[in-house]
Amino acid sequence: MKLHEYQSKRLFAEHGVPIPNGEIATTPEEARIIAEKLGGAVVVKSQVLVGGRGKAGGIKLAKNPAEAQILAEKILNLEIKGLPVRKVLVDEAADIQTEIYLGITNDRAAKKPVFMASAAGGVDIEEVAATTPEKIIKIHIDPLLGLQDFQVLNLAVGIEMPRDLWDQFNTVAHGLWQAYKSFDATLAEINPLIITGDNRLIAVDGKMIIDDNALFRHPDLESHRDLDVEDASETEAKEHGLTYIKLEGEIGCMVNGAGLAMATMDIIKFFGGEPANFLDIGGGADEQKVAAALRIILKDPNVKAVLINIFGGITRGDLVAKGILAALEEVKPTIPMVVRLVGTNAEEGRELLANADMITAETLADAAQKAVAAARGGN
Amino acid sequence: MSILIDSNTRLVVQGITGREGLFHSRQMLEYGTHVVAGTRPGKGGEWVLDGKVPVFDSVQIAVDVTGANTSVIFVPARFAADAMLEAADSGVNLIVCLTEGIPVQDMMRVRNYLDQREVRLVGPNCPGLLTPGESKVGIIPGNIAIPGNIGVVSRSGTLTYEVLYALKEKNMGASTCVGIGGDPINGTNFIDVLAMFEDDPKTDTIVMIGEIGGTDEEKAAEYISKHITKPVYSFIAGATAPPGKRMGHAGAIVEGSEGTAQEKVKALRAAGVAVANHPEEIPDMILGD
Amino acid sequence: MKLHEYQSKRLFAEHGVPIPNGEIATTPEEARIIAEKLGGAVVVKSQVLVGGRGKAGGIKLAKNPAEAQILAEKILNLEIKGLPVRKVLVDEAADIQTEIYLGITNDRAAKKPVFMASAAGGVDIEEVAATTPEKIIKIHIDPLLGLQDFQVLNLAVGIEMPRDLWDQFNTVAHGLWQAYKSFDATLAEINPLIITGDNRLIAVDGKMIIDDNALFRHPDLESHRDLDVEDASETEAKEHGLTYIKLEGEIGCMVNGAGLAMATMDIIKFFGGEPANFLDIGGGADEQKVAAALRIILKDPNVKAVLINIFGGITRGDLVAKGILAALEEVKPTIPMVVRLVGTNAEEGRELLANADMITAETLADAAQKAVAAARGGN
Amino acid sequence: MSILIDSNTRLVVQGITGREGLFHSRQMLEYGTHVVAGTRPGKGGEWVLDGKVPVFDSVQIAVDVTGANTSVIFVPARFAADAMLEAADSGVNLIVCLTEGIPVQDMMRVRNYLDQREVRLVGPNCPGLLTPGESKVGIIPGNIAIPGNIGVVSRSGTLTYEVLYALKEKNMGASTCVGIGGDPINGTNFIDVLAMFEDDPKTDTIVMIGEIGGTDEEKAAEYISKHITKPVYSFIAGATAPPGKRMGHAGAIVEGSEGTAQEKVKALRAAGVAVANHPEEIPDMILGD
């Protein structure tokens, strides 16, 4: 789950990272009132979960409260990369002398978190990573030991942080690590961490991604979820314990297991079709899940045929068949359905489906070819 | 012979009283696996599966009483890290964790702790192991594979079944099938299993099923070109997956240009691996050679 | 540093361990008022840092506030094993059904903390440890990983804790571990942890020892120090960075290094004398430290001779000599002093002391024999 | 030859700019030790000891620039755990920590972390190492020992000096002297050093100086009886220490009947070790044999 800039920065601040004074506004008037409270110049920043907000006009400097109101109105009317701007963060404008990049993420190859820092922080950090990766210092953190002071020192030396700021940098680095750790982040990033004219470090922008698998430990973060970034069908699928990703093709897929689901998409393509979605009903799927999955697939108007490929392991063929029957009952689809059941209780499942109006297949290749043919026939 | 599990495997099932734990314990028992114990805190003293398998409060007691040497974990994600650590401290030498959805920071801690001990973890988020005709630890349906000389290793669950099933349809059998799981941090990787198959006299041919995300397949390719003398066949799932989308497995994230199916296929072919267009091609490719 | 029962229990409670309602009283009247507030029967418990308080009459049950006042008066007038009772803890009386022992300490051989539990808790736990050690379950905790739930489970099973109390036990065990860890304890102990008639776990008595070396991390705990248990001279020594332990003999010793200090005591004994103290001036001792050390030694009226044995390493002989001269100037001792300086800057030190009225020695054996003779001669 | 340090030792001094660090770095340099670098965060770029030794901000840089293979730590107790971890991660293979008063929980974490790595820690709370005539790492005064064939290992600092000095007075020399330190949790124990001396062709005789507290001497006695063929001489300090009193060293606590001098002496004598009544007896005992 991605968190907004303002949410991320507040979580960092809880662990001692200095952030600008600022508040969230949902109307231009609120933005003005906040700017009045803060005094002086402010930055009005759209809170949407995409990159490139600045280039899209979503971040503006306002010299006074009246200007803050005008800019907030403009920004709140923006749509950035398809996402509406519903909130703006009004932050005290900072005196930026230097921009530093700081980030922690999981390094799957090392099986450890990796702490990254660069003196070339700011909007171009991805460019830096691509063209001059040696400018990004990386230090792995032992997950049992945690971040150590000497590692922060190595980061500070590596990015040539002025020595009089090392103590502040230590606080920021440990704060970021604590936030990463205590909120089960898969990414915790400050970009830029700025050095001000009066020699203070401030986290001007922040980003966190929380491990969805760990949200049970952070029920309070559930309220931070932004549904705008999530496709309605994907969200509905998630509520049913399914993983659904909409694609552009015409053959709807329902498969158990992510690997097999991808392989099914691949074989559809191999035989000349285009998958309409990725859909993994997961292990041990029951009637309700299967019915929900079929409803979600059939909602997509591009779908011309459906391929159901279930290889029973934890998932049982009979329960899948019952789910299919229940969904057919409810949705009464008019497009052709190809079904292939193999594995645990597949026999029982096939018997249950014998009377339904479905195309059956023995092999995956057979199923894919039949689905491709059916989708063409349905045009 | 075979790798990791065989007829000497004595299994304790962690979370045996849950729906899945009980269902698959019965399947394993019927397959012939020596399921010697189960655990569920608070249910020690009960018996399950028609009185055949005793339940203990902890793995330590189960190991002490029954001599279990392998553990399989069916507990929910939030308890899985503790279950793996418990198994690691109890004296078993193989832990197979099926649980899906374990927080990645939990897995980093577990993996770094396990690296200090003499115990192997397979998984998590995997279907487990099958040595056809001898032992099955996990949820791979026993009837989709027959004994043979093909070693199968895979990051995927049901996709593995496809391959085993396709092999069986052509009357080809497996020595051992190892599901290493699709999570970004796991206990056993391709290279570990490739090395075991290379050393296993029962295995003549290796099938490796990969998928997009990470660089384990690329590393495996490098290892194969240097250390593996047996023929290797492969399939990589996810060629049609759009970049930047998370396809269910936490591992299957394509970041930048890293870990695409195209790259993995290229690396494997460069290492002399025959890569199939789809999983059902594999048996014919092996027969054709 | 040892903490009192009430201090320990409060630190445990901060980490979620249930303790009885109760407060500290320094007068009988306060004890009555607390008992009134608590209502019902109370236990009046002397707060002194020695074992065997109950057997010494320092713990009494009072049925009502009036009785609490009377008992508090008695207890506050007690001296237990030489220590005055300055405070009593007035706790709600608990309905004790079962007494359990729980403790965490450092196992130096394993290089890990060890968590101990026994169903045979209460005052006889030391007897249990000595005669039936198998009744004490021990589990080592990985210091990097910390206490895990499965380990708590193994403790619970090991002491046959009733299953309906496992959740409560988990809270108590983790609370004790957190207290041990976050306060740098070398011992954290609940004895007894009781099971009440209505099936609750309560920590009725508690004990903590804090690692003196870690007190810099816990400046707030400094106020918890009880000076009664510390010998005045030992406390004075500590303030000067010295380690001094008073013994019963007649030869005062000043040595650098604990091992050499012990060896010096041993050799005094070997040659027929008795050491009056252990005194380690530590590494890198300077003038001030040496002068303070000599003053402390000479305060002991039993001392008939002093043996100064300094083997310079970090400690420099010249600085030691200057310290001795400064102390002699101030204290003007009348008893014989034997001095042996070897090692770093020993030459310079010996030159400085050449004019002082001291007996010198080349070897340790020589020094010890001279000190023993001098102490006898001085009788 | 010798153990742990010799003329190939390239030393980085952590905390070189402090009073003790600087004083003893000069002593080491004058003794002939290759003091190639020092560290002090914030002072990287300076030079100390008459411009002979460069100061770096971190051990990593010091190792990268100077090829240091050994570190000695002079930093205060509250920074010592970090300093040891820093050294362990920087690529040196020997860390000698002199710092006294390190919290025991810090040491447990450090020790358990170091056990996962290929690095040896000597200390903390120790006087360091001396290979007479070749190299000195720590604070053992160089002029109190001469080269020879006696390996000395000790838990105590100044008591070790007594022994070296007493040997020198009889014109007897040391191969290497190892101060393992008196803290309850340390990096290297008697057994580790005994094994090294046993394998060291330069060492013919071993002197082991113990003290009350813990059971390391008892374990050493057991090890000696099984594995050490060279003659071992010993002295145990603390026979007159009253039980239950902490004698300076955190290790020197007598709990119950465990770890008394009497017990240790008994165990050592049972293992064939000659135990002296006081340290200055040792040279004559060796000469007498």
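We just call them A, B, C and D in the order they show up, numbering each chain from 1.
Methods note: a contact is a pair of C-beta atoms (placed from the backbone, for glycine too) under 8 Å apart; a residue touches a chain by one contact, two chains touch by 3 or more.
From a predicted model like this one, the values you see are computed outputs, not experimental measurements.
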Between chain B and chain C, the fewest touch steps amount to 1
Contact tally winner between A-C and A-D is A-D
When centres are defined as mean Cα positions, the distance from chain B to chain D in whole Å is 48
Note: chain C sits from chain A at a C-alpha centroid distance in Å of 55
Here the gap between chain A and chain D, centre to centre from mean Cα coordinates and rounded to Å, is 54
Here the gap between chain C and chain D, centre to centre from mean Cα coordinates and rounded to Å, is 28
For chain A, residue numbers touching 2 or more other chains are 142, 144-145
Among all residues of chain B, those touching at least two other chains are 109, 113
Chain D contacts chain C in the complex at 20, 24, 77-78, 100-106, 108-109, 111-113, 127, 139-141, 144, 154-162, 165-166, 169, 182, 184-185, 209, 211-212, 214-215, 235, 237-242, 245-252, 261, 277-280
Residue set of chain C touching chain B in the complex reads 142, 144-145, 148-151, 153-154, 157, 163, 166
Contacts from chain A onto chain C in the complex sit at residues 144-145
Counting only contacts in the complex, chain B reaches chain C at residues 41-42, 44, 57-61, 79, 82-83, 85-86, 89, 109, 113
Residue positions on chain C within touch of chain D in the complex are 106, 108-109, 111-113, 142-144, 181, 184, 186, 211, 213-214, 216-217, 243, 245, 247, 255-263, 265-270, 275, 278, 280, 282-284, 311-315, 342-344, 363-365, 368
